[in-house]
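Presented below are the structures under discussion, each in the form of structure tokens.
Note that chain A is present in both complexes that follow, paired respectively with chain B and with chain C.
Presenting the complex of A and B:
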């Protein structure tokens, strides 16, 4: 495998990781909710795309127009019903983190249970856009390339919105100092709720794209939560560009290790970098800056 | 908020009520014999759920439905007793499956216990089945050590052969093709770093060496790997005509898709678990043709066709082409053994070991507590996953090689 091949394959794989992680970084960084049910949201969206594609013959890309708002509404409702009371009674960030972990741990099983009842525990897979696209002599699958492009677009757009607009400034204010934000007229509850819902929409986008090329079951959500969590922590909590670059780095490392050393060492390599970054930059690659 | 809270409380009440009825029913059954209690623990959630949901659970459902329609389990005196089922979810945890089987034996005091899904889980519960005197019809477990296990646990029965059976047969098929000049004598091989993959690849290295087949690429990958392009590229440039993957279903599906992207066309493509799933044939259509794997069926066996139809009608999904029909046949054997000797577990075990049974597989007889009449290698041919080896078994199909290159979609 030539270097160019490895780089392109790695970036495309990393695009999936980044796409999956960006919603979590919004939810965790801005709404301050450590959402353990994040992966279940992804799987739910994957099932939705599967249903739309299989039963109704809807192109998953069009299906996204339905599933994305669905993810947003779901996040909005979950925040209002489950998270709002936790936020209201929490004294500090640490408290809220523990409460939200416990609450979303429960939510994880509720969503998973509902999916098991409806769809059973079978492997789900369908094939969409599984056609090769040649870039600089390397063949990549169109559906994976789509994930990569989507990750880049969403990541950069949201980054610009966050740093260049008034609305984005309010979001960042809530992330940095939720107790002081009301002093300048920001409705913290509404802003956090919006950020959480946006995270839900991003999870849904990830789910739809992933369902095009990855086999999933009703119980495979936790794998995505774990991967997303690693990327989020590596990139710096709440930092979109951090999540984007950390995701791409992971993809590059995994492909590089698989091509040049041994496919058996990909997991070990992932955790080795994770450890290295935690040791040298505990706040994450981009943590602390650029919020 | 009040509505939400109310609902939660309501459903909690429902749960408790359900648990109480279950407990009460279990209690009543233990006192007088008006039913036969059959229990099982199987992975309904967790990592093994996907496998159990295709090979094990639907066949338990189908068989229990058969028994119900039959008016119950028939006993030697011709009377019939309805079956009471106790089911536990082992949550894909080995500790949980052991605990559940122990509970079935000691607290629920069931008459028979059906086995869990998976090689590891069947081994985990084998000592318990033995200690409490239950016959164990271990179907979804591939192990070369079955002959030893049979000596250690006298009432254990092994239905799916061992790794070496499958890889020896594969090596035979390849050797014939090499001698015919269809393919070269080089193999590229990847395997998942987990139970099935490790067992099979270890056996395969020996089988290929014995057959004089050269393994030019041999790598393992961790469970949950999603990107196979580095391995496919390496295998592609290795010069091997044969690509073998001892893979789990998500890997099998991904390998198939990614080999198409890379336009990788080995003359022999052999993939692991999942190749024999009906969804595999459905998703890949024409492109599935010629792909080989473990298992298979005789496409002209009418009993099997009837079984496949009934399976689909009842459970809404087709059975897989490997373990499903064997699972169902093992239950038919259990039913027949009970009919012949009654509910005495010792007697049923003896009958299973020595009797001859008419099942969906045809006439079925165990040898040394093992089912040995199996399809070791199969291939997708005309939309059916047909058994190729052993080639001298009646109903065997001929290999169609080299497989055609991927069709552009």
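Presenting the complex of A and C:
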């Protein structure tokens, strides 16, 4: 592979990571829920896109119009049923963190189990827009390019919504000081629930995007959660632009390792980055400025 | 030693003797069951040893368990058995130190995230090594001893783990741990080296988990990364410790016995659905019994008897009767 090929493939992968990580950073940064079942939501959305494409012949782009609200509703229900009681019972942030980690760890096995029963443990994929497009002399599959464009569009729209609207300001206020937000008339519970559901919608978007160009199985959610978590920490918790840039960096590094060293070592590369971040800048490359 | 600890010690030793003699009365199936049971009792107790008092949720149980099992598979042909156990323990210790040194100085969430993917990382590294360096995936283990010997080793390790956590509970180290769990700021003002205490406990618990994997490995005969790095092990260990109560000496044991039997029954009768059922059960435990059964029972008991003491002539009598 030439360098330009690696760069483009890395950016495409990184765009997906960024999209997925932005959802997690909303859930953890604003709703304060550490959601270990996040990757399972991604894979469930990927399966939904697969079903829509295979059984009903619905184009994944149109399918997104269905899967995205699905992810939102799922996040909304999970927060209302599982997280709200935990938030109400915890006195401090540490307790909530432990409780949410434990509860979502259980949820991970439930969702994974349901998917294993329905779809089995085989690798799934479908063919969509699998035609080469030439950019700067490098051939890229159109579906990957579309994935990249989608990731950037959704990510930037979200960023603008959060920084330029009144509603986005309320979300950020809850992220910075949940105890003070009610003083200016913000309903913290509703905002947190909304942020969690929005994170679910982003996970669903990520799932559809991933299903366009990658194979996936019912058990691959853990790796996506892991990578999303690392991107979130690398970008600074709650920092959307940080997540975007960190996602792109991770995608580039992984593609670089896969093409120049060995594809079997991509997760090791991810962990090496994580280790470096932990030792050098645990608050994230870009600090917590976006909170 | 007070009379109460003496009685407790005698009872524990008697139970240990009965359990050690059990293989002479049970068939092959019974011994197999006991091996699994003592393995999980040890894993859950080792998990609670670190995660109970510090409240750092470790999701990496199977990473250490798998490291132990794989070390046994790779080295059992070339090195004598006790030496293999020692090597496995050292590898587990080294991995625990890397994880601990990089995360335990920071907030708990970094530790959770690191341990969450650790098993998958080690599994992929082992797979990569086997495919690229040795050229084979999957190994056979042949041992000269039978399942009874595996059981006795595990039983000894379980007893050792419980003994250690009993001893740590009443040592300076245990006191330091409890202060850290309650309030880290207070702990650091007392002059406790927080990171070092956590690291020591985490390393100890990881070494025990590694040994469980190494000892249990010959049971499978055939081993590959997908088998020994099965995330269900981490999950089960966590539920067991939480069900019983991770802050109590006997909590993990009390959680491990019923859940292991339930798991055996579920995987025999509902092989495709057990992870759903266990997941729901786990969520229920987090919601209903966040501090474990032992704590819940003690609270309920304490409430009943104190109310009875306060108002002896009202509703108390009935409860006193029920309490007896």
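By definition in this document, the second predicted complex is superposed on the first by the 274 of 291 C-alpha atoms of A that agree within 3 Å, B and C clash if a C-alpha of one lies under 4 Å from a C-alpha of the other, contacts with A are read in each partner's own complex, and residues count from 1 in each chain.
Keep this in mind: a contact is a pair of C-beta atoms (placed from the backbone, for glycine too) under 8 Å apart; a residue touches a chain by one contact, two chains touch by 3 or more.
Because the structure is a prediction, the values reported are computed rather than measured.
Clashing of chain B with chain C is the outcome of superposition onto chain A. When the two complexes are overlaid on their common chain A, residue A:126 makes contact with chain B while staying clear of chain C. Contacts of A:116 after superposition: both chain B and chain C are touched.
Judged by the touch definition given at the top, the superposed model places A:140 against chain B, while chain C stays out of reach. In the superposition on chain A, A:223 contacts both chain B and chain C. Residue contacts after overlaying the shared chain place A:97 against chain C, while chain B stays out of touching range. Shared-chain residue A:264: touches chain B and chain C both.
In the superposition on chain A, contact is made by A:81 with chain B only, not with chain C.
In the superposition on chain A, A:13 contacts chain B only, with no contact to chain C. After superposition on chain A, the chain C segment that clashes with chain B is 220-228; the remaining candidates among 4-12, 112-120, 220-228 or 274-282 show no clashing C-alpha atoms. Counting contacts by the rule stated earlier, residues 85, 112, 116, 223, 262, 264, 267 of chain A appear in both its interface with chain B and its interface with chain C. Here chain A touches chain C in the complex through residues 34, 36, 82, 85-86, 94, 97-99, 101-103, 105-110, 112-114, 116-117, 222-223, 225-226, 229-230, 233, 262, 264-265, 267-268, 271, 274-275, 278-279, 282, going by the rule given at the top.
Chain B meets chain A in the complex at residues 1, 4, 43-47, 49-50, 52-54, 190, 193, 219-222, 224-227, 229-231, 233-234, 237, 249-250, 253-254, 257-258, 260-263, 274, 277, 279, 283-284, 317, 409. Note for the complex: chain A touches chain B at residues 1, 5-6, 9, 13, 16, 81, 85, 112, 116, 120-123, 125-127, 130-132, 139-141, 213-219, 223, 251, 254-255, 258-259, 262-264, 266-267. Contacts from chain C toward chain A in the complex involve residues 55, 57, 59, 102-103, 106, 108-110, 112-114, 116-117, 120-121, 124-125, 127-128, 131-132, 231, 235, 238, 242, 272-276, 278-283, 286-287, 290.
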